[in-house]
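Next up, some structures in structure tokens.
Shared between the two complexes below is chain A, which pairs with chain B and chain C, respectively.
Here is the complex of A and B:
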């Protein structure tokens, strides 16, 4: 999926070790208070003044709503020693970055708790649409210049369904290149909502809604016409993925590179038929 | 995240519009309340000691608090709390001054309702002397004023808009009684942070598990473009064709309810052939309003680790005042859990009524010598323990021929007087110990074999635990109406005996362990409810199936006269009650519509403590599903199908209602839930007799 990379052309004062990294993207809130307390999102050292002076750290492509706290080696700076440069426009793109007047050191980890775009309500579907609009189909700006071919109605329906499940999301797209399809797959794993193409060529979301009422509508009645086509109707059973236990990991903190919470649901009556574990990169990024 | 919102009176100037007793004024003498923190507040005026200010009963001409006149009330600020919040408490706390013309005693009512509605619930108060007593009227357990008694509070009941906000009304039978301070306390537990993340993860993971826990039926259907094009991805379709396998072997039927139910998961168009191929995934097992798997083997009460649960967005609430003790499903140790935490025990989710342990220092938590009398050689064992060390770090190790004894507090007059003694013991060499229980009224001893009282010590043999902990139980013996002080002695046999816990309770079965210290401890009753309000009902009105699988805590012969609730829905005049009747030994599915009660029942295998039962309750609508008459109900239990009971229609739902699960209507399950399910589908006989 297209994303600006950190290149010497755009960031001439960066050190070579960051060249080639994709610009990270933060959506929703990442807050380490209540978990590690050492900053949830890593900063990338993209500007080192020469002679030594100010140093800049990049947190996200696009404009973050707020950089709440900055940590130096896991210690909260209490807002001292740095300034928020957001929005920092480089190569025509908006970035969120901070500047230290004095270099904390090349080997010092700079992290932050941040509030990214699409935080109100932390809507998972809106976040996926944002990425598809602005990155996969877009031009890397804060507003959608090229609208993705999305079934907006289906996105809205799926959002209501996820709200009923109390699903909220924060998302951190790291510095490794990601294929757009993988993004959608990760989102689907996180939410349990599947994506599909419609006959109109739009990408739609399909929640498997267990809440449906049951009215006995006429539905499809298969008559002789269909029988002639299909010969005989029979049920096939898919037994390849039988499960007795599902383990999901959530509350991702990119700076730690790990998830902090794991929840298992199980059905002990089935015996050892299988377990599935999945990470939910689109999940809450804060515990407080 | 739990917070308490205190609502205090609004501006002091509000008093100006109601500055004294005035029979023409009272109905309009409302006070506006708002969340605390704002200023100024008339709380100062209310507490200034001036009998002329405050909230008065102005109906001095007709000292009654019935009817609209003479009432004084307050309107609360509209509270907009998150939809997924849980309301843990609603209380009105007020101080009453009798005023210069008032006399004692003063009686009255504090009522709670909604702005614009006459429906209210009232809590009486009584003031026996002069002074300014502070009175708390707790409406938590009673529910909102406009819902049935005992309904669960939901965020919507707090009134998100000014037209539906809470109102509190006071009335007394004495003129010039004055409310000098008042606040409405609302405890809100809003899901936030990790809790919200956990519940979202549980919902998504549970749906995944529900989908892939059994073989998924897939139907591939090729049909004409004309028919197939209208089917969109995800659409639910019902297919009728005699070639589709069904439990009755007749194929998916012509009746709409009998058609095979699937969802479109793939769609392939072949323009050249003029056909469209739909791949349908069976959906019958997936449509649930409630799915709850409470039998787990993981630790983690706080997060309900292991528990799968699917709901439709309603409030789900466990409540219990105070701590309880359960067997941790993973470690097997008995652990303590705090109030309002569900009792996810190794045997399932325990729902029990209140019970007290009359034995003191029941678990050696205070040391082996506290309260108990020991003979020589009795030791504290810290390496052979039943409890988590945070509950009790030791057990009694009684060497051969030694004993421990305790004289219990006289329980006084008893009615009923059935009791149960349980002792957690462990022995290693096939030599279980013995016990004696003596009552003070006649100095007789309990003979456990026939549960009678005999002259002379009985030395009742305890369970041979075979080198593991075992809970010895003698249930349902009659202490007598006034047994006097009870003396319990436990003696080892030919080998050493460990004792971890002793419990004597006034129930005809042994409930979960109750850890006492220097005084008797009462474990409060459990309550488990879910909102069943309009728009998000769990219990389908017209047709559906409910299942419950649980383990009994009692044995049939002991529980005549008791009722054990499985499900309870109070719609006001109409209701649905599902319970086990201890007298008749029947499961009963009782539906009340317009005062007419219809009961489907089924006698079940007499309960034995620890045994499980699988019960299914099925009701039909006007479509006459599964061949039963319209509006009929049946009970299935462990493969046995009961007779249908036919009603004139479904109970009429009230707009707001609460589904009580294994508590309510004066009963409790007194058992451990393993599995609960409620579906709008009317399952066929084969599934009900052998539920999946």
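Here is the complex of A and C:
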């Protein structure tokens, strides 16, 4: 299923300002309780009854596991005044949407806390595979649905690695179209796991496994500059790069690490790597 | 040991023997500022080989610091033995999505019970060029070339002249095959045909790459 756009054909009762937006996708948990408390995912006003009556707000393509709370202008409705329509099938696609019996107003912000697919256990690799299968590769070649050429075993291995670090992911693919390469790069930035092509032509994942038991000699990599295939492990660095960045990766406690910590000391005004290095779109809490 | 290279244990004798099959790995030396190192792995040589083929698994043995997850590129042990015996050959198929184009080439004439005859047009398959992600986590590409010799019928030239739209980005499958090895154990690559050009008269340079077109478009 390719990512559909909100069009007049599919949503004839939507207001023109939403036409042309890509349908958003929510993966994982988005919960604003304890942070903003005003809802983490915006609703898109896709149905306005004429004459005035029910109004529908779209939160995500695909079926969300749960729409936990809905907020009207940042105020929790406590489940009153709206109905969960999920799954709402439009144009052959499943959507997650709610309906208000009475219009809260065109200028009122409707938001929600939701639990999206692939939440249990927080599955970063499964989320990437889901997006590549269903959004990026989708109906490539114009015929039957084509699964992405993924090395599923490498994805499973990377998932185990991230699970061992208790890494979790939530992702909101917004209404702006994205390029597949950027999607993978954002995911890699968020997880610290690199993507590469295998020599069978499959897309695979390559964790930078730093856990105890691995040494440089046995297979560990010292860093991005040395992680290319078949390179000799050299500690000689380009002098121009020498002082740009120092990265230390560690577990908070080796036996109880709840996450993969990275301490980076970097001169961002030098070189090609700038502030975007620190943005991690897939991390939980990024889009709250 | 050259300065700056981390020492590692002396490989076992078997690894030394196998390492003789490994050609020196060419390493690009990127200009300062480019910061994109690229490794080149030699996979094959013109047939008949002037140099031994490279057994990828032997390469992994000889370079124990490679990440274990890269072992998926290993060839089967049976195919490795066939490589060392020199009893392997390349097969290539080109097919477009509508199945109008269906070309099959091999280094030596080959008849498949399932797919029919492979014309003996393939002269060589080049090194695979690939890399893991760079420091900005960008996904690197993977591609390699092959040389295709024309026959008297100018078959490939006629396809290029009449139906180039079928060739561009058509599905390409490349096998490193051996009559001594079950086809399930052959090394295979599934991707697409990127480019083609006539390098010398009667010889086409084909370039294969991974199926990354969907990654280039907006969605």
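Here are a few things to note about the model shown:
FYI, the second predicted complex is superposed on the first by the 210 of 288 C-alpha atoms of A that agree within 3 Å, B and C clash if a C-alpha of one lies under 4 Å from a C-alpha of the other, contacts with A are read in each partner's own complex, and residues count from 1 in each chain.
In this text, a contact is a pair of C-beta atoms (placed from the backbone, for glycine too) under 8 Å apart; a residue touches a chain by one contact, two chains touch by 3 or more.
These figures come from a predicted structure and were not determined experimentally.
Once the two complexes are laid over each other on the shared chain, residue contacts for A:136 go to chain C alone; chain B is not touched. Of the two partner chains, chain B is the only one that A:165 touches; chain C does not reach it. Of the two partner chains placed by superposition, only chain B is touched by A:34; chain C is not.
When both complexes are overlaid on chain A, the residue A:201 reaches chain C alone and has no touch with chain B. Contact with chain C, but none with chain B, is seen for A:180 once the two complexes are overlaid on the shared chain. Once the two complexes are overlaid on the shared chain, A:153 sits against chain C while remaining clear of chain B.
Counting contacts by the rule stated earlier, residues 196, 198, 204, 206-207, 216-221, 225, 227, 229-230, 232-236, 238, 241 of chain A appear in both its interface with chain B and its interface with chain C. Of all residues in chain A, those touching chain B in their complex are 34, 164-168, 190-192, 196, 198, 204, 206-208, 210-214, 216-222, 225-227, 229-230, 232-239, 241-248, 250-251, 261, 263-270, 276, 280, 283-284, 286-288.
Residues 84, 191-194, 196-224, 227, 231-234, 236-241, 243-245, 255-257, 259, 263, 275, 282, 286-289, 293, 295-298, 303, 305-310, 312-313, 540, 543, 623, 674-675, 680-681 of chain B are the ones that touch chain A when the two sit in their complex.
Within the complex formed with chain A, the residues of chain C that make contact are 3-6, 8-9, 25, 27, 32-33, 35, 37-41, 43, 56, 59, 63-70, 72-73, 97, 128, 130-142, 187-191, 210-219.
Of all the residues in chain A, the ones that touch chain C in their complex are 2-3, 22, 135-138, 140-143, 148-149, 151, 153-154, 157-158, 177-181, 184-185, 188-189, 194-207, 209, 216-221, 223-225, 227-236, 238, 240-241, 271-273, 277.
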